[in-house]
Structures are given as C-alpha cells and as structure tokens.
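Take a look at the structures listed below.
Paired with chain B in one complex and with chain C in the other, chain A is shared by the two complexes that follow.
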Partner chain A sequence: MKRKCLVILVLFMFTHFLGGCSNYRELRDAVFIAGLGIDWIKEKKRYEITFQAFSPTSTAGTGSAGAGSTGSVLYTAEGRTISEAARQASKKFSRMPDYSHVRIVVIGDDLAKAESLNYIFDVFERDANIRANIPALIARGTSAKEVLSVIPATEHPVQSINGKVRNSSKMLGENEATEIYQIINQLTSTGTEPTIGGISVITSENPTQPPGTKETKLRGMGIIKEGKLVGWLDGTKSKSILFLNNQMRQTNESINCGGHRYTSVRITSSKSKIKVHMNTGKPEITIHVDALGIVDEMLCNRKIMEYDVLHEYEKKTAGNIAKHIQDGINEAKKQKSDIFGFGDILHRQHPEEWKKYESRWHDVFAKSKVSIHVNFILHGTSMRVEPYPYK
Partner chain B sequence: MPSFFKNKKTKTQTTIDSSSSKPSNGKQDETTLTFEIDKNVQLIKDCMGNPPDLNVRKIIIDASSDFSIAMIRMDGMSDKKEVDFSVIEPLSKLNFQELREQLDNPNSAEVLGRLIAVNKLEKMNNLEKVVKSILQGNTAILFSHTQQIFLASTRLIDKRGLSEPTSQTVIRGPKDSFTEDLRTNTSLVRARITNPKLRIETLNAGEITHTNIELMYLKGIANDSILQEVRSRIKKIKIDAILESSYIEEFIQDSKNSIFPTLISTERPDVVVANLLEGRFAIFVYGTPYVLIGPATFIQFFQSPEDYYQNYYMGSFIRILRFVAFFIALYIPGLYVAIMTHHHALIPTTLLITLAGQREGVPFPIVVEALIMELVFEVLREAGVRMPRAVGQTVSIVGALILGQAAVEAGFVSASTVIVVSLTAIANFTMPFFNVAIAARILRFFLLLLGSFIGMYGILLGTFMILAHLCSLRSFGLPYFDPITPFKLLEQKDVFIRLPLPKQRTRPQPARPEQKFRVKRGGSQNET
Partner chain C sequence: MKSKIKIGGLQFFCLIFLFELGSAVLFGMAKEAKQDAWIPILLGIAGGCILFSVYLGLHKRYPDLPLTSYSQQILGKYLGWVIGFGYVVYFSYLAARVLRDFEELLVISQYHNTSLLTLGLYMIASIIYVMFKGFEVFSRLSQICLFLFLFTALPILLLEVSAQLLQPENLLPLLENGWSPVIKALFPSTISVPFGEMVAFTMLLPLVKDYKTAKRFGYLGIIVSGLYLTFRTLMNIAAIGTDARMRSTFPVLTEIGLVEIGDFIQRLDSLILIILVILGFVKIFIFFYCAVLGLGDLFKLKKPDKMIYPLGILIIFTSVFIAPNFNTHLEIGFKIVPIYLHLPFQMAIPIILLLVALIKSKIKKSRTKQPN
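After this line comes the complex of A and B, so read on.
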C-alpha cells in the first residue's frame, strides 16, 4: 500500500513537467499590450514596433475599479524581426509584456507600400501567446506610431479604434475588420487578394478638446496586391466588398427625388450570388444581389403609397447598389488586384478552367466582363407612411 | 405520566413477558448471590461502588420470620412513580404467607407478574446481569430467603421532546426530527410505516458503554445479502464506546480513508422512511439524533427531501442548482487562481483591466491571498459554531465588516478574492447533507494549490483524480457513483432532474432492492 502510494506520488510529480508551458505570472507583474503598431524604417531597414499598453496603475488603489477611463502607455522598439523588437522593448518595460489581449494591429503606410506585408504576420500564427483573430488596419498616409499615439479623451486608444471599426462595418458597411488569419489566407491564395481598412489621423473638431488635438478616423479600404498596398477603395466604393462578401449588415442609400432633395433608404439585408466562367479567355462575372430595405427618411413630398413611386425608389436603390459594386470592381480591375476573390470562385466552379489561368490571373481578371443584377425590395416605410404635410 | 393509571389493568394483563424471562439456568456456577437479602443488597452495592444515585428501599413484611423485600433502582434512570405505585404498593399489601409459598413455586415470576403492574418482569439469579439491568433503569426486587431476583422494567430517562431539524431544514415537509432517544426515533419511523414488514433488530456495540444499536429495514424490499453484511460488520466492532453514529460509520464503511461519505446521516424521519422504501437499511444508535443510512450513492447527497415535496419542475431546477453550487464550492477558488496566474488570455479584456487595477496594491501573490482568505473564512465559520449564542452577533460583524471591507480597503487583499471566497462559502451551504460539503471544503484547498502550480492543467488533473476516486468507491459493495458510472439510462429519472412521481414506477436500483415496482401498474392517474 505504501509502495503504491509512493509510486502514485512520484508519477504525479512527473506530471508537473508534462505541463510544458507553465507560465505563472501575477497580474501585477504583467503589462497588457492592447495594440501593436508595425512600421518600417527605410534608412535602417528595420521594423519599428509600437506597443500601446493598458496602464497598470490607472485604476489601482481604489476598491471600486472600472471607473471611466483606462490609462494607456506607449513604448516603441526596433528590430530586424518583430520578435527581436519585442525583446528589445524589455529595456523599456518594467513588467513582462502579455500579448494575449492585443486587440488591434496597425501597419504603417511605408511598410504597406514599400515593404511587403507577406512576412510580418508569421509571428501571429506561430506564437502561442498572441491570437490570430486580431483585426488589422493600415495607417493611411501616416505611421502606425502616429495612429497609436492619438489618445482619445474618454477611452483607451485601442478600444476607441476597435469600436470605430465595429461600428462602421455594422452601421455604414464601408469598413470591414479584416482579421489577421483572413489576411494570411488571402495572401497565400492565388485567387484572391486582401483588403485592409485604412485609418488616418485628423485634427479634432471637438470644442471640448484643446485646439490641435488629434483624432483617428477610418478612411477607405486598402487594396493589396502581391503583399503591397496599391490603392484605396474610398467612400461608397468600399461597400462593394461587403456586398459581395455577404457581410453587409446595414447601410443606407440616398435616392434623389427631384432637385437637391433626397430620400434615405436603409438596406436591412442583402444576399449576393456570384458566378464566374471563362468565355474565350475572358472571365465573365455574373453577380446577383437580392436586397431588402425600408425608407427611413423622406425629404420630399412624394406619394409613397403609390406603386409607381415605390417601384421607382426600388429601382433607384438597386441602381445605386449596382453602381457601388461596379465602381468597386472597376477600381480593383484598374489595380489588377482581385480583392473580391473571383479567382477562388472560378476555382470552385470550374476547376479545370482555373488551372489554365491561375498563373496570370491578375491580368485575366483586369479584362473581365461584369454583369450585375440587383433585385431590391422595399418592405416598409418605418413608423410613418406619407411624410408630414408641410406647406 | 397521568395516563398510566388508566391503563393499569390492561397493561398488567397483556404485557407481562414471562416467556422471555430467562428460566433459572441450571448451572448456577458463577453466581455469588446468596439466600440472605442483606448480603445480596450489599453485593449489588459493592458491585457498583455504592453510588449515591443507587436507591435501596427495604420493607420488612414480617419481622418475626425475618421476611423482607428490597427494591434497588438507579435514581434518575427509572420511573419513581411507577416503582411507588406498581411495585411497592402491591407488594407491601401482600399477605406474606401467600407470598412465601408463591416464591418457592417455579412459576413465581408469573404469579408475581399478576401483582406487580409493570411492562416486563424478569427473573434472574446472575449478579452481573442484575447489575446491568439495574444500570439500564430497571428495578430489582429482592426477597428474603431466595436467590432469585426479579427485575421490573421501570426505565425512564429524561429526554427532550421532538423539535425541528437543525441541520436539514425544509420549507415544505415534515418538521419533526430525531432525538437522542432510540425508542422515540424508531417510533417516528414506525408511525410512518405501519406495516409488519418493517423490521428492527437489536445489536450492541461498545465494550464499556453497551450502547444500543438497532438495525431497521423493510423485509422483502431490502436486499438480504446487504443486511447480512451489515450485521456482520457491526458485530465486528470492538471499541470501548459508541458515542455517536459516526463511530459506527467509521467502522463499517467500505473505504476507511475516503474523504467522501459512503453512508448518509440524517436527523429527518422522512429521509429514513424514503430510503427504507428504496431498499436501504437504517442504523439507529442510542444517544444521537443522527441515523445512518446505507448503502449510499454520491447522487443521494444532492437529493433533498424537499425535491419530492415540491413541484417537480422546481425540484429538478433546485437539484441542478445544487450540483452547480457544489461545483462552485469545489472549483471556483482553484479556477480563479489558475486563470489569474496562468491564463490571462481567458479573462475578458475589460474585466482583466479592472482585476489588474485591483491587484496593483496587493502585497501577496494571489495564491497566498486566496489561501489566507479561505482559511480566515474557515476560522470564522468554526468560531460561529463554537461561539456562545450570546456573542454570536460579534462574529457576523467582525467577519462581514472588518474582514470583508476593511481588508480590501487596507490593501491586504483584493476585492475579487473576497468575492470568490464568499461565493464559495455561500455555495457550500446549499448541500442538503453537510458531510458532502465537508469533502468540497477540503478538496477546494487541494485544487487551489494544484491550480496555482500548473494552472488549468492542474485543475483538470485534480478533477480526474477526484473522479477516479469517486468511481472506485463502494458502499457496502455497491458502486458509489451509480447510476452515472456504470451508466444506466432508466435510472436517470432521479439524478440530475426529478421526474414526476407517477412516472418513477420502479424503485431506484442502486441499493438493489428485492421488489422492483413502487408505483403499481394503473396506479398512476396519468395512465389510462
């Protein structure tokens, strides 16, 4: 019996080593990195990493934590690899950095344009301590460091950026949070190219802030080709990505109803179907979009009860949607970057054909013929039917 | 006992137990009793060391022929009134000539029995037995010129009345509970099962205390082989004293080193009745209101009698809640420490920031902090039990205010640890049987340490060890984790949820009852 107990005890002690990555770390010995910025320093040919961390002391001491603002701390470090920079940063950190709560990765403009994006994401997949489902953004016309240095009045900078991405993709449908694992998938696939949202720094117009205060704003979706940023889809053009990826949750379209007056239509759901086939060396892309929506604001006095008026609105909205998609595709064709993944669709639908064109798909895509069919149905006029009878 | 006089006559007629009174055994070898009454009295006195509570009353019936009667009883153990009116009075009025004749008669006990109006009259001539009988509260009646001693059962011990259960309370359901008196306890069960199949067997244990133990079961439902095993296990107990049923429990349980209880102890008669009907046995021990029930399964410790008295939706909900509470009581401190020290990625970011802020000013590692708070709570709890009632208020004030709030404000511990510890403490009190809560209380520390060493991996390791142990346990040879392992689908009707009683037609099988059905075919109103 004693012998048995001893054996069990020894075996049990061995299990401690099987655990492998035991990483006992007290919360007060760790600094939690919320956002990572990756810049390329041309002169030194090095990466500059910006760490935007949660300030550990901002809520300390008080029993009732969680009040309002959470402080942030910014560190930078350089290195030939991202990991090297992270190790270099330990000269500046008083605590062990913890990457498990990284919420955003910002890529500097220079890095995206001049250097390749192909390599920098490896560490996110390889390292166990960081996640691969973090949304990435490109600092448009500025560096990642600048973007992360903007400290909003009420929130942590990373929470603020994250909130903007989420909000915009949900409410407006012009920005999509492309996560790192998706970018890696798209970078490695020959039939599709990634798009990464852009963020730029503007001067705040908020009167409660001192003049000259900076603020971040999402701007467009960056078109990536072979790992490099080649152009931007701006404004309504970027809606094409969400429409074609079936990611559109809500957006609105302004329909002209005479003169400078517009009616707003809210698109509540949309579903697209894409068919790609080759016709004498040219891809023919057929897009069907079925969308539903409601009228949510009328600035003109039209009899919306009448079928003709309703039908006219439906047709105009459908036309708008088709135009957004067409514009987006045209821009992509111009950059010769298949950001919509038509290549992948061809691959799935006609694998034999795909093999013939795979190697020169970019050029083939640029010559593609696109036909867009949008079927839009208005299924409501919100709380009112006719506008109030103004004089 | 005012009713005593009314029933005087019927009692004398019906309850004289002459058959069980032992006929004088022919050997008379060890007997040291003499034919002289004074010597016999002295013998008995000496045997007990002439204690002050030994009451000797001597009546001289006929001085000329030196005929006298002596009555010896223990004061406080016997009914004084009964001795006065049923023993002394009839004897003192007796014609001594007649009496002398009768005493020589071999059926003297029967003859005397007609006179002495007590429950039971026995004839003995063995000093040791007489002394033992006196110590049990009986009155010894000695006559001159005879070796025979008559023992009238006059036992009456002060006992407290029935009261509400203190540790196993319910909202709806019977409010009576067992007392220290064995006979009261068995009567509470008998009153609920008026069936001749309810059997009680007397067993004794305690070399010095000679404590009365009674084994109760329902014949035809309880499994005979299990009963056989229980009898033999109780007979094997060789200990000087049995002060509580836990003494028996420790001797007869299958696994003597397990932290989990393998016998149920309850102070509720309805629990005993329900278990007897499921084919289990109950062991009553004199001097304790806690009755043992076996064989037990782990699931039974989560079954409160109230589950069956309330609507079955509620019963099932509360039972699931109880399992969750057990899980909380067992795991939360361990998980808390594991996640806070090893798995920061598992905490939602906003919560992490809050927690990190709280931890900022705290001097100790989180394990130490959690251990301190857990131990402090255990101390508070123990103090609460031992503390005199009058100062009971102090504990709650000291515990809640000083330790809870001030410790956080002073930066000794973080607020989150206090929350975790108090959640654990509260969850621990949801167990209907507190001995399974004790297991959770101790294993919690084990899991806490494992979690702090190797994080979630340790918690999982601990879980496997506990589960393996639970599955290996046996209660009277029957699997403790029945019916989860070995899994029986039909037995799940009363495990995590409680099905309506008409649907639970078969008796639960863990105790291997001899009778299968408890709701007769057509006995449920729902079936047509």
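After this line comes the complex of A and C, so read on.
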C-alpha cells in the first residue's frame, strides 16, 4: 500500500513537471516583435511586412547596449497573406518570433490608398496570441517600412511612435490612437467610417544631429471611405473628431486679442451631444458641445477680472471650437465619408428613417445640414489674474 | 446511487447556478437577436421556470425516484425503459458535446499544439476522481467553485468598467426589427440552452433534502443565473458591439482581451479561462453523473460506480469523433441539436409524462370513488 502510494505520488509529481513541457518556449530562442508594418507591392501584388523587433541581446543586458543602440532589429518579408509573410520571415529570423507584444501597426500609404484596409486586420482578430487593441497608423506619403526604419537616438522606434501618439492625443487633441478592433467595427458599420492617424518621415531640424537625420512625426488623421484612404484632416480640423467622439482630454485654443497678440485658453474638459434627424431627405445634425477651460497664457493686457472681457473670451473660444468642428465636418462631407458616425446616431435615434437611407448614406450625409452650438465656460485664470506689465 | 445522499439548499443553488452558466457564457447566447440579445434571455427565465415546474411536478409525484424510474411507472415497463435509456444516451451525448466545447476553447485560446484527446482526458480524469468521491463531495465542491467564480467575476467587472470599455450606446436601437428575431432567438435555442438543460436535474432532485428546498432553491437558481446571463450579455454587447459578437467564436474572450489599464493590467484571458473551465467542469460532471445514475437505475446495478470508467472513456472518444472540426460541431449544436434533441427531451417527453401521470391519478381517484 505504501509502495503504491509512493508510485502514485511520483507519477503525480511528473505530471506537474511535464506540464511545462507542452508548448514551451525558451526566452533565449524567442524574439519579441514590437511593431508591424504592412505595405502593398503593386507590381507583385503582395504584402510586404516589416517586423520591428526588440533586439534580444541589448534588452537582455543593461550595460551591454552601446551608446546609440536602442535595441531594435528590422526584418522584412513578402507574402500573399500576412501570415505567409510571417512564415517567410523565418528564413531571416534566428529566433522564434513572438507576436504577443506587438504595440503598433503601421500601414503603408499605397496599401491604404490603392488596396483596401478590409480584410488585412483579420489576422489580428483571428489569432489568439496577437491582440486587437493595438493602435494603427498610416505612413503618410511613405511606406510603413520607411517609418519603422527610423531609429531615434534614445528609444526603441516603436516606443517612440507610441509615445508620440499618446502624448499628442493627451496634450494637443489632434491625434487619436485608433485601435484595430475599433477600425474593424467602423469598417463594418454602414453608419461610420474610421479615421486613422498619419505618421510621416521628416528630416530632422535638430542642429545637434548630423544633417539628414530622419525623424517621424504625426501628421493629421486619415479619412477612410469604404476601406480606402481618401483624404486627410489636418491641423486643428482633426480636433473635430475628438470633440465629437467625447475623447478630448486637453487642447488649447489661441484667441486673438488685438493685433498679432494671442491668449491661450486650455480646454480641460468637453462633452458633446449629437442629434440627427431626417428632414425631407436631408439629415439635420444638431451638435451641442459643453466645454470647460482656463486661461493659461496671456500675451496682451486685458482686464480679465471684468465679466465682459471674460465673457468675450468665452465666446471667442466657443467660436473657435465650433469652427474646428465645422471645418472637420465640411472636409468629411467633401470626401463623402461619415467619419463622425452620424449614420450610427441616426440608426440609434430613428431606426426606421435609417433603413430608408442606409444604402446610400454617403451621398445623403454629404447633403446634411449641420448646426453647432458650443457653450464654453472659463472657470479660472490659473495662478495670476492680470498679466504683466500691470497698469 | 445511494439513497442516503442529501444535499442542502445552498449547495443545490450553487449547482444550478454554475450549471446554467456553463457553455452559455462561453458562446454568448441569442446572437441572432443582435443588440437585443439580452431580451430573449430575460424572457427565457420565465420559460425555464415553467419547464422546471413540470420537472418539479413529476418529482412531487415520485419524490424518491429519478426520471428513468418513474418513466417506467408512468408509461409502462417497456416504453418507459426505452425512454429512460434515451435519456441516458442524451445525457452522455450532451456531456460529450460540452466536453468538446471546452476542449476546443482550450486548444483555440491557449494550448495550440495539444490534441483534443489529451485535454479531454485530463478533464474526464478529474471528473471521474470527484465522481468516485460521491455526489455530496461534488456539491460541496460546487460551493467552493461558486466563491472562486465570484472572486474572479467581480474584479473583471470592475476592471472592465475602469478600462472604459463599456459603451452603452451599442445596445441601441432597441427592438430594431421588432419582436420576431427576439422570439426566434428565444424559442427553441435560448429556452433549451441553458434553461431547458435543467432536465438533468430530474435525475438529481431525489438527492435534494426535501421538496420544499428543491422548489425554493431551484427557482432561485434559475432566476439568479438567468439574471446573471442577461447582465453578462448586456456587458458583452456594450463592450465589443454586435458585429464583433456575431463574428467571434468566444465573445467573452474577445471582450476580456480588450481590457487594458495603464499598460500593465492586460491579457486577462487566462483569468476568464479559469472560470470557464470551472463552469465546464460542473456542467460535464452533472450530465455525466446523470448518465451514470440512469444506467445504474435502468439495469438495476448494485454498484453503478462500475459504469463510471466505461462511460467516461465513451464520452472522451465521442467528444473527439462527434464532429470533424469545430465549425461543424457548432453547426450541429446550433441547428440540429436544439430541434431534434432538446425539444423532445427537455419539453415534449416531460410534459407528456406529467400529463399521463395526472390522467392516471384522476382515473385512479374516480375508480376508488365509484364503489362508494
């Protein structure tokens, strides 16, 4: 009996040890892919995939990475599907690639314009390892390969791009990281089209860098229509997306106060309400925005203590916000792409009306009448009331 | 097996709750009703209660007998026996189906290189182990499982809320295409899975302490689990939207995969897998145990325990050979099984049994009255 128990115990212990042997992968045999770039080679009708990986050696040791090395390795491979390219890349990888830590996906300009974004994200949903909540960007005017080849001096390229996206959406409110699952939902929905941030490669103007050093910079939000890139929302126009989607965290508005002098107003919170209804075949879109903010820089001398002056600033800021939104909507109407999801809002608010217009929503949207009401309240002027020189 | 087994109210409740969640959480229910998927589930609770009242009615007439015995008493020895045997096959088949569901879940999500057979073997081995310990042990285990479930399910809820994943507007417009898709989703698929699967408890009701406990905690279990499923579906739709829900194999995993807080709370898939495996364990155990009980009862075995090993092996192999691939498995599960298996076994036969039993007792009464 004792012997039997011992045998069972030993067998039981084996199952625990051996359990780790299924699907095991040693860290020294793995390479972690941080960023994926997808390009379209027109001549060959194939996808070219760029893999930006964490270099295994420099990330392992702390001191071993030399100055200037940011621990990135770049591979490319071609294939008719993304998976095929990934398998083809194994000829170049010395280690097993691990896709579970992909942080960013960059889509080449050609792919977004000429081919379409439909289907290419399928693998991100279907595969259990790679995740669908990673942001995607479009390489504006360049290829994804170019974007991922730019190696910043201090950081891993993918971390650098990710940081830019996050900062810009937090501080400036002109770029929003659209995640793959959101893009898929918007591509599928008939009442919304996605917008995807753009990133381009520029020559650095930093005098401390050797001339000709490349840098990446976020530029605008790409307007997608039926899976294809049709235009861009640039500069302050792209704030419209964040205002209307209630994603605006912070931004600032420069308010003219006579001559060439401006006052900066920081918008600290904003909430929008949208109503859509059909009126004799034309959508009527009513937008209400409630925003709060503070004055964070004054480059002119105004009596900000006085209610009238304060009120004037409020009105001007509200006008600015309304203008950004109006410009954004006009651009979208020009491209006949409903990037704000007004169709979905109509669908929710008036399902019967929506059914009538669903099939030709693009054209219907382009004829829409928009009225924007912005209510902006200044709730402070920070640490100072009046600017200097004080009169 | 042994008539001494008596399980208490709380344990009975835990069993029902975990059993009902089982594969319903895994696959997401009433997908065809799109954003209104929660309505058929809410209505399904009522359907489940009606069905359970039929099972309870039968139990009240034969408090000490499982379904396989009283079917013989009601419909006569031969027909009753055949029906009883049908139930044994039905329970084993369902056990195999649920086992396959969970094997596929593990293979697709985590164990990419492991065979279905291996995973099935581990699951059945642990079930067989508990089964030899007896049903009382299992029902006490289910209490622990419920607490495990709560301790994992509640944090996930909080995390989803704090990750700002939920978009309630996904639930609108309400009843876009009227009631017809809702009714279609309700009957037969939502009523039969999971509510109608309570038919397995016709075998287990004699093990409950008394009729009052069975009645009270049975209804409570159905209502609470139904409400939880409704809530779960609402969350699911709000988090991933109707479209992704329709397309994904396991909507709940898709939902959890999106949780990301502050760059470090992410990949909670494994957390939800633990819950799902626990739920699968309870569900497979109950179907398997009912089949064993039924066999013991039909063949008048002194030791029904002997049937555990052969039936377990049968279930493992059935689970693997039941369908050539996962899609066929789902196709059978959503199109064929509800109509050709669930409808007769969960609804038609128990209702006929109850009616016949009622008529029989009426006739008996009138006969006993006549001489007076």
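What to note about this one:
Keep this in mind: the second predicted complex is superposed on the first by the 355 of 391 C-alpha atoms of A that agree within 3 Å, B and C clash if a C-alpha of one lies under 4 Å from a C-alpha of the other, contacts with A are read in each partner's own complex, and residues count from 1 in each chain.
The working rule: a contact is a pair of C-beta atoms (placed from the backbone, for glycine too) under 8 Å apart; a residue touches a chain by one contact, two chains touch by 3 or more.
Just so we're clear, the structure is a prediction, and the values are computed from it rather than from any experiment.
The partner of chain A that touches more of its residues, comparing chain B with chain C, is B.
Contacts of A:T188 after superposition: chain C is touched, whereas chain B is not reached. Within the superposed three-chain model, A:A132 lies in touch with chain C and out of touch with chain B [touch as defined at top]. In the superposition on chain A, no contact is made by A:S116 with either chain B or chain C.
In the superposition on chain A, contact of A:E26 is made with chain B only, not with chain C. In the superposition on chain A, A:N301 makes contact with neither chain B nor chain C. By the touch criterion defined above, A:D98 lies against chain B but remains apart from chain C after alignment on the C-alpha atoms of chain A.
Judged by the touch definition given at the top, the superposed model places A:F54 against chain B, while chain C stays out of reach. Shared contact residues of chain A, touching chain B in one structure and chain C in the other: 22-23, 100, 131.
Across the complex, chain A is touched by residues 340-342, 344-345, 349-350, 352-362, 365-366, 408-409, 411, 415, 452-455, 457-458, 461 of chain B. Of all the residues in chain A, the ones that touch chain B in their complex are 12, 15-16, 19, 22-28, 30, 32, 34, 54, 56-63, 65-66, 70, 98, 100-101, 103, 129, 131.
Note for the complex: chain A touches chain C at residues 22-23, 100, 125, 128, 131-133, 181, 184-185, 188-189, 347-349, 351. Considering their complex, residues 108-114, 169, 172-173, 176, 240-241, 243-244, 247-248, 254, 257-258, 260, 266-267 of chain C touch chain A.
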